[in-house]
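For reference, chains read A, B, C and D in written order, and residue numbers begin at 1 within each chain.
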Amino acid sequence: MKKTVIKILQRPRLRKPILIGGLPGMGYVGKLAAEHLLEQLHAKKFAEIHSPHFPHHVVIEDGGVLRALRNELFYVRAGDNDIIIWVGDVQPISPEGHYEVVEGVLDVMKTLGVKQVFTLGGYATGKYSKVQPKVIGMGDTRLLEKLDARGVVVERKGGPIIGAAGLLLALGQLRGIPGVCLLGETHGMVVDHRAAQAVLRVLVDVLGLKVDMSNLEQRAKATEQTIDRVRREMELRERKARRREEEEVWYIG
Amino acid sequence: MKKTVIKILQRPRLRKPILIGGLPGMGYVGKLAAEHLLEQLHAKKFAEIHSPHFPHHVVIEDGGVLRALRNELFYVRAGDNDIIIWVGDVQPISPEGHYEVVEGVLDVMKTLGVKQVFTLGGYATGKYSKVQPKVIGMGDTRLLEKLDARGVVVERKGGPIIGAAGLLLALGQLRGIPGVCLLGETHGMVVDHRAAQAVLRVLVDVLGLKVDMSNLEQRAKATEQTIDRVRREMELRERKARRREEEEVWYIG
Amino acid sequence: MKKTVIKILQRPRLRKPILIGGLPGMGYVGKLAAEHLLEQLHAKKFAEIHSPHFPHHVVIEDGGVLRALRNELFYVRAGDNDIIIWVGDVQPISPEGHYEVVEGVLDVMKTLGVKQVFTLGGYATGKYSKVQPKVIGMGDTRLLEKLDARGVVVERKGGPIIGAAGLLLALGQLRGIPGVCLLGETHGMVVDHRAAQAVLRVLVDVLGLKVDMSNLEQRAKATEQTIDRVRREMELRERKARRREEEEVWYIG
Amino acid sequence: MKKTVIKILQRPRLRKPILIGGLPGMGYVGKLAAEHLLEQLHAKKFAEIHSPHFPHHVVIEDGGVLRALRNELFYVRAGDNDIIIWVGDVQPISPEGHYEVVEGVLDVMKTLGVKQVFTLGGYATGKYSKVQPKVIGMGDTRLLEKLDARGVVVERKGGPIIGAAGLLLALGQLRGIPGVCLLGETHGMVVDHRAAQAVLRVLVDVLGLKVDMSNLEQRAKATEQTIDRVRREMELRERKARRREEEEVWYIG
């Protein structure tokens, strides 16, 4: 694996598909929203993405089962526009890796005739807030106007977007695929189902979908538990990382 | 995008062209000077540069419009020697990236028949100074002598030059394209239109151009405002970066 | 050497071979166990691995003899399933390097018809313990069940695995080669022959091999002496590393 | 320049040539010794090496003249064995870069029929010493025995060698070219002509050459002056580096 591999398990024929991306990031907002969406819509997996630009860890699932870190592509038939959903365990570890993975996904999207892209994510405020989180929109002018026309409340704000959420739009735009990034206001340090809900409400409104939000809180809790479990492993792991460094220095034969 | 892409929008036919490079760096001196020059000369864009060696951010413009980070090439007809101007949002993030982008630009320059290169930048002193900033010149011996002969006051000083301003000259020289780097004395921590002006005065004098400098101060102020706006975003972003790192460590499934 | 080179010294014909991997890591558990196994089974070397993703050091052996860092592949005939053993001086230095080396080894394993993979390593607790170290197993469900069926006591636990021990299994699984990772509980800061023994006991039990463990303790002591010798070199070397950094910055002609 | 380029200016025909390598490193010992040797032997340059794995700086020479960082290959006719000398401004910045440059040089050496390699360097003790510096030898057993047979006093010691001095030998050995590394005992923090002299004495003794050592001290002083000049630039440059980092973070349009 010298470069990113996108393994197509089954190539779907889709009507004017729209790509929705939600990878891990601020408050897990994008990942929570996208994974909730694919569950509610009973989306089908059609591709797996592995990359040497992902971390060289592995995922341990329940019962000690082990698998490589990956991203996945799902699809679902949905009226005039079918929907593709990009989710995953991780984002690439380097800028070069980000460019490679995003371009690879765009190659696949081109062959599937994707017309629009929505990326979902969080926008860190560093504050806990009890009010309904705002949703910020950035990207293609005409798509943003369409959001306005539909009465969707989306703030427009300049600010840097790091990673796949922005890069997918920017490189898609260069290929003539317009898109919008929807970022939910979040603390940043906690898994935030409310921000995910806010972002998802805007998205389903724009796409004319119906999605039950009730399970989203539950999913956020499950994610928090996973994180807690891993957090306990962290002390050991950090020691391990430091140790590995020393070992590399010590070891000579 | 596995490597740097230089998209030629329209290939101009040029008379003995001279390349002028001004990318972001110390005090934004080179960028300010080069962008002021291209505005005053009504230069036309003819190429866009994208690279996986640029940061994986995106640029957010007014109204929430979003685009990929890029460099741009402009040209302008100007007497005996037409002029090409290289400007951009960023420099590459790694030494390897610098070599790749500079070589790519030189490939294009070769096909356009470029005869000389001038790169513009700042030279940090760490001090605020009220007097007219000095301009330091480094590079090809004969071009430096020509500056002397024209009465252009240019100090010659040894000192390391990091990044595109030096590398473009050094790699151009290996291909037989002579060049000079003009660096304006600047504090280093502030956007410095006066240093940009000093550098640009030397350049237009050498090239026999006429350029109105009055807007340069205004442009420096606009740049400062942009930076201030972004600076406010920075606290959040730094938190985000730290957070992302922890997430990458925590996340396993 | 632009990429990893696996030099096959002599290609063996093997019966349903099983790959056992033990590279340097936590407490040297995997390396100690795998090297003890290959000695006891009088395994034969059939391949050497060199990689630009290994550190740019060299190994100095007794009498001042010097060689490149490497990994090695050995084989041994052993009943129904022949055995291949992967050992080495180091692991790659980057995630991309890990993916490249592991994929390269898997390419060779495919041509040799490998049916299963066991990787050996340590699991850091940060505590010294006098009791018999536990062995943790992760990986393929059916292989884990087989361990249960044989009465092998293996705990199953989620936790991140970094490096070749996990990645070999994860990428092997993608190619249809099931595997299990056996990690011995260890302090993490010391060379741990007891953890290596515990891991090796599980392995030989599963594979139905007979291996004398008595030399393992002796080997661990010799390794500790080597480390002491190297530790004395360390102060000089760290000074050297710091010095090199300064030199790179200072040097211009 | 995607990869290392070795430009052969003029391909010499050589008798059983021996390669001598002396790049910048501990106390500049190898560089001083190799450059002194090439001056005394009036060696001729026949190749230049440029690499994207060198730092993205440029060298500023007297009078503001600027050139790319490089390595150089010289040759000199010298009895039974002609001599090739590898010197340079810098070593590569990454392990991968080291492997690429060393392999590139070895490719050229193979075509020139090189039979042996000697690399020169320093061995840091961290102490100033008034006595004659010891010379440590590591590498090929038979070459080391030959040194013994000639009465050359060379200590043999295990210790890590980082960078080109070790890697050239290790990768040369894999291609069947034996070699020895000669390291002179040095403080590490100062340009050390005495260590260079000690190393060079061993080398010329082995090779049966006659070299006047009187200029070596002078050369060391000149090198120290260059370093002092650059050191004064360093404060500014470090500020520049820090500044560039902040700018990269701030900059968005």
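The rule is short, and it goes like this: a residue touches a chain if its C-beta (ideal position, glycine included) is under 8 Å from a C-beta of that chain, and two chains touch if they have at least 3 such contacts.
If you're wondering where the values come from, they're calculated on a predicted model, not measured in any experiment.
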Are the interface residues of subunit C and subunit D largely the same numbers on each copy, more than half shared, or largely different? different
If I superpose the C-alpha trace of subunit B onto subunit D, what rotation angle comes out, expressed in steps of 5 degrees from 0 to 180? 90
Measure off the straight-line distance from the CA centroid of subunit A to the CA centroid of subunit B, and report it in whole Å. 34
Chain centres from averaged Cα atoms put subunit B and subunit C apart, in whole Å, by 49
So which stretches of subunit B touch two or more other chains? 55, 57, 59-61, 93, 158, 160, 230, 237, 252-253
Which residues of subunit C touch subunit A once you look at their complex with the stated criterion? 3, 24-26, 28, 55, 57, 59-61, 89-90, 93, 95-96, 98-100, 103, 123-126, 136-141, 144, 156-163, 166-167, 169-171, 173-174, 181, 188-189, 226-227, 230-231, 234, 237-238
Give the list of subunit A residues in touch with subunit C in this complex. 1-2, 50, 52-69, 93, 229-230, 233, 235-237, 239-241, 243-244, 247-253
